[in-house]
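Take a look at this one; I'll ask things after.
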Amino acid sequence: MKRIAVLTTGGDAPGMNAAIRSVVRYGTNNKLEVWGVFRGWWGLINEELKVLDHRSVSGIINQGGTILKTARCQEFYTPEGQERAFQTIKKHDIDGMVVIGGNGSFTAAHIFCTKYNVACIGIPASIDNDINGIDETIGTDTAVNTALTAIDNIRDTATSMERIFVVEVMGRDSGFIALTVALAGGCEEAIIPEKKFDFEAACHDIVNGNLRGKISWIIVTAEGAGRAEDVAKKINEITTLETRTVVLGHIQRGGRPTARSRDIALVLGRSAVDCLLKGLSDKVVGIAGGKIVTVDFQKAIAKKEFNLEGMYNLIKQLS
Amino acid sequence: MKRIAVLTTGGDAPGMNAAIRSVVRYGTNNKLEVWGVFRGWWGLINEELKVLDHRSVSGIINQGGTILKTARCQEFYTPEGQERAFQTIKKHDIDGMVVIGGNGSFTAAHIFCTKYNVACIGIPASIDNDINGIDETIGTDTAVNTALTAIDNIRDTATSMERIFVVEVMGRDSGFIALTVALAGGCEEAIIPEKKFDFEAACHDIVNGNLRGKISWIIVTAEGAGRAEDVAKKINEITTLETRTVVLGHIQRGGRPTARSRDIALVLGRSAVDCLLKGLSDKVVGIAGGKIVTVDFQKAIAKKEFNLEGMYNLIKQLS
Amino acid sequence: MKRIAVLTTGGDAPGMNAAIRSVVRYGTNNKLEVWGVFRGWWGLINEELKVLDHRSVSGIINQGGTILKTARCQEFYTPEGQERAFQTIKKHDIDGMVVIGGNGSFTAAHIFCTKYNVACIGIPASIDNDINGIDETIGTDTAVNTALTAIDNIRDTATSMERIFVVEVMGRDSGFIALTVALAGGCEEAIIPEKKFDFEAACHDIVNGNLRGKISWIIVTAEGAGRAEDVAKKINEITTLETRTVVLGHIQRGGRPTARSRDIALVLGRSAVDCLLKGLSDKVVGIAGGKIVTVDFQKAIAKKEFNLEGMYNLIKQLS
Amino acid sequence: MKRIAVLTTGGDAPGMNAAIRSVVRYGTNNKLEVWGVFRGWWGLINEELKVLDHRSVSGIINQGGTILKTARCQEFYTPEGQERAFQTIKKHDIDGMVVIGGNGSFTAAHIFCTKYNVACIGIPASIDNDINGIDETIGTDTAVNTALTAIDNIRDTATSMERIFVVEVMGRDSGFIALTVALAGGCEEAIIPEKKFDFEAACHDIVNGNLRGKISWIIVTAEGAGRAEDVAKKINEITTLETRTVVLGHIQRGGRPTARSRDIALVLGRSAVDCLLKGLSDKVVGIAGGKIVTVDFQKAIAKKEFNLEGMYNLIKQLS
């Protein structure tokens, strides 16, 4: 193992730059030449890559986004695209790859590394925290805190104007962000993809609360479980109460990474390089139960389990 | 002048609590009894008010929203509503009022104070910065910084994924927030109610930029000038480029007030009480050109002028 | 179990209020009467306590500090003080206590609950993260992020002026904060109580860096390992280079709790009440390896182990 | 005017990068070649400068510090140093200079531009807000907000533990930051260089407050008026009450600039270039009373006046 490449793919997540820094500096300290590939798989196909050294990754540890940029790349799902990507790998004598990304990235990396026998290690970075077998992806903690700040702000208005708010957070298939911020934000309800939401019961609570004098209300919905506008419309239809919506959207994706998002990224950057040095491939590195673990790509992309009932019940009990 | 009342009306703005604190503490230090009216005019009509003392306003200086709550109140626009409000004033021997709010609040206050000869002084608090004759309303600086943080976050993704984003900020009739954050955020365009937007020219710039390699783009639109979704659709129709939207919405309204929002609120709270003590009425207190001024309610609610061409041109010159 | 008391002792930590909220709301939802004791053990001795209900803990989830206040109380270490505290417990028919605090608090709670046979459950809240047998205390994550923001700020000046900075963070006996922020902040060195620091080697690195053009440098020191001023003086003596100091001090203690500090607090509030309901005592509740656990007070107050070598080495490898 | 140079000198201030961006982009849009000089006057003496273009200043608008770096340079105060600096100007055919900095920078610029007849325009950037004839320097607003966040954090502990805190903020000769944050932070006292502080009276207030139950207290001191430790010692001697100190130090200097710090920087960058294009020299550009003004260097470096009595009295009246 003399020369490795690192790339970021899929949606950007805060902490990706810290992961790049770690791979580059730990790699070069271990006598590896580290190449940065631009725009994910697209850069491999189009031969956009360059050597990174200690200086290339200065001053990026506290920056959101990714200096290597990222892109969705349909061509990589074709045999021709994969072949071109492999030619770049061969041409540059790259012995191993670190793929920083999420579910889709690891699906692609699994196919590529098994088909061409190129060592690939994944670093889980995605605000959705949807990688199976590990506790937390890089970026989740930052996204949750960004959403929480937004909800704290909205609470000021909800309380002052005594209104019902529906706040839509990210999470296509996962209610992780929704539950985590609803709990931390002292919200009254969370609507998540993993659990059928009982509108009648929720509206009953709202109307009852209203009679007792509890008039402000924040309901968090994961984008995959119901768009804010639809949720608000339903609540308004059932209760006749005025309901406002906020869609947090892309503000959850960027920003200065939190300590946790950075520290996980830095630790896993080292682990990924160590895995390549040990000859491992087709695996994700991650932290589970406080320990560094490796998880096969195929297991990592399976549906992640988490104790949603416990969190959901706690939200209800404390609201 | 022995007894005054303070209320907050219209949309909440960060810094309202600091203004309440100042009115209460400065008032009581000047031997006034200060009553807090809840939910704006509604509380006057429904006799929901109580005496506030030094302790009542402890620990609120750094809180968004308003401890007096606020509400829209249609009834106050009827003669019956106004009469009931006046009866509360008479019953409680209130000699003067401090009305913390925006345009709508001052329109109502003007009618009320001239009709019933009740001394009323307004403190301008509104994130829109749309009060005429003064430099800056309480809350604007906080809202602008909240929007700017959001735009800094979005920039991370826009740059990493090389996308066009349309970000909708508050401002029904005023482009103040839009221009201020577009400039501070290094955005490429601002769409504001005061100026016709040339979509063809903007799209021409975008396409040209694309050819030169400038692929990420943030366009800020004031809600009153064009909804993000409509703007994105038009740009997409003309350029065929994928365009994302973010609507910042109510997150701009709450949150810890900035130093500036607090300091202006604290200074104007004192000024409002001083005005009442001097026998003034039917006026807004504010800061203009660094000095404390009073402006007649009728002038204050007129269309505010600001140097939008200068700011707009600078955005374009620096993008 | 019909009536429980909750108190906060020792240094305040962000998230304590969220823990109080959880104990009160989850307790009352489980038919317990929950009393809040003011100023920790002092309030028990001086009979300063009152019933808390759902409303008492509204709007505190996002506030630093503790609404129950906290105090150091020497009297509780005397038999007379303990006896008076116990009389308050008896007089108010309190069946169990939730003690929110750190090492010192649990030492005292252990003595008290074994001597008087009063059920006591501890919730670990302390920015130092020094409770043994669990992963993380309430408040640590917030303190680390506050320190990190400060270090990011200092980095701007260190880089612009090409200076050496020594930044002192909290941690009397524990290097946890120092290592965590030094890693996340991209700092060059961390000085911690658990490890002898080699000044000669560090200064050698600094001088060598200087020759290579690396002129700015941030060294984080835990207060228990060396005061910033002393560290700076030594570095200056050895290298003759100008060195600046910053002592972060009490800014690390307060502030809006992060999502993580709140969520852990809310979960453990429920767990503490559940423990009392199950008849447990003399234990701390906590999260270890992602699971909720209980740890005997005596074990909890023992010296906490963590993988400091791994973190320290990573800081050096990435700097 | 075909070629201009821009440099940053003195202490760094947040917003300097925004000013550089503005000078570079507005300058190049106006057909000027813009050279960036590194490390202030030192770079002029040592011929460290390079051409900056549109791309050179991408992505810096939201970064604290200065990409041009800054340094104190004793050599520039000697005739030889000035001569060497001038030779660099001549050699590179530089027709005008933009000097971004504070008091010391403008003193030097005045000497240089009058001695060698090189057109020099200053942009005021300094967290101390000590430039005479203008309202606000670039960076002040950010520094004040950073200090305010710190004080809000400290307030949590002060209230929870019922302690007296002395917080030292920046300001060698100016109490601007101290007064502004003391007011916005709801602090009880401010000690500033411009006004003799009456320790006996203050301690009398503290002891009286204590008797009334007001036990927590925050006293802000400007570094130039009294070091936190000395102030605390005096208060402790007079009152015997335990007193804690926090020195905010360099955290006030860096960090993401606020909207205001950026917008002022961007506007003044344009103004500075416009001044050079108009043939002006030996002047600072600034904002006064909401308007862009120019002030002679010699006037700008004179002692700045501000309404400190009004602010000081308000702090006392509201505490």
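List of remarks:
Read from first to last, the chains carry the letters A, B, C and D; within each, the first residue is number 1.
One rule holds in what follows: a residue touches a chain if its C-beta (ideal position, glycine included) is under 8 Å from a C-beta of that chain, and two chains touch if they have at least 3 such contacts.
On a predicted model such as this, the values are computed, not experimentally measured, just so you know.
Separation of chain B from chain C in touch steps, taking the shortest path, is 2.
Centroids of chain B and chain D (each the mean of its C-alpha atoms) stand 28 Å apart.
Between the Cα centres of chain A and chain D there is a gap of 39 Å. Chain centres here are Cα means. That of chain A falls 35 Å from that of chain B. Annotation for chain B: residues touching 2 or more other chains are 152, 155, 159, 256. Contacts between chains close into a ring here, every chain touching precisely two others. Pairwise, the chains that make contact are A-B, A-C, B-D, C-D. Of all residues in chain C, those touching chain D in their complex are 8, 11-12, 14, 16, 39, 63-66, 69-71, 146, 149-150, 152-157, 159-162, 165, 244-255. Of all the residues in chain A, the ones that touch chain C in their complex are 18, 21-22, 25-26, 29, 59, 61-62, 135, 141, 144-145, 148, 152, 155, 159, 180-181, 183-186, 256, 258-260, 262-263, 266-267, 270, 288-291, 314, 317-318.
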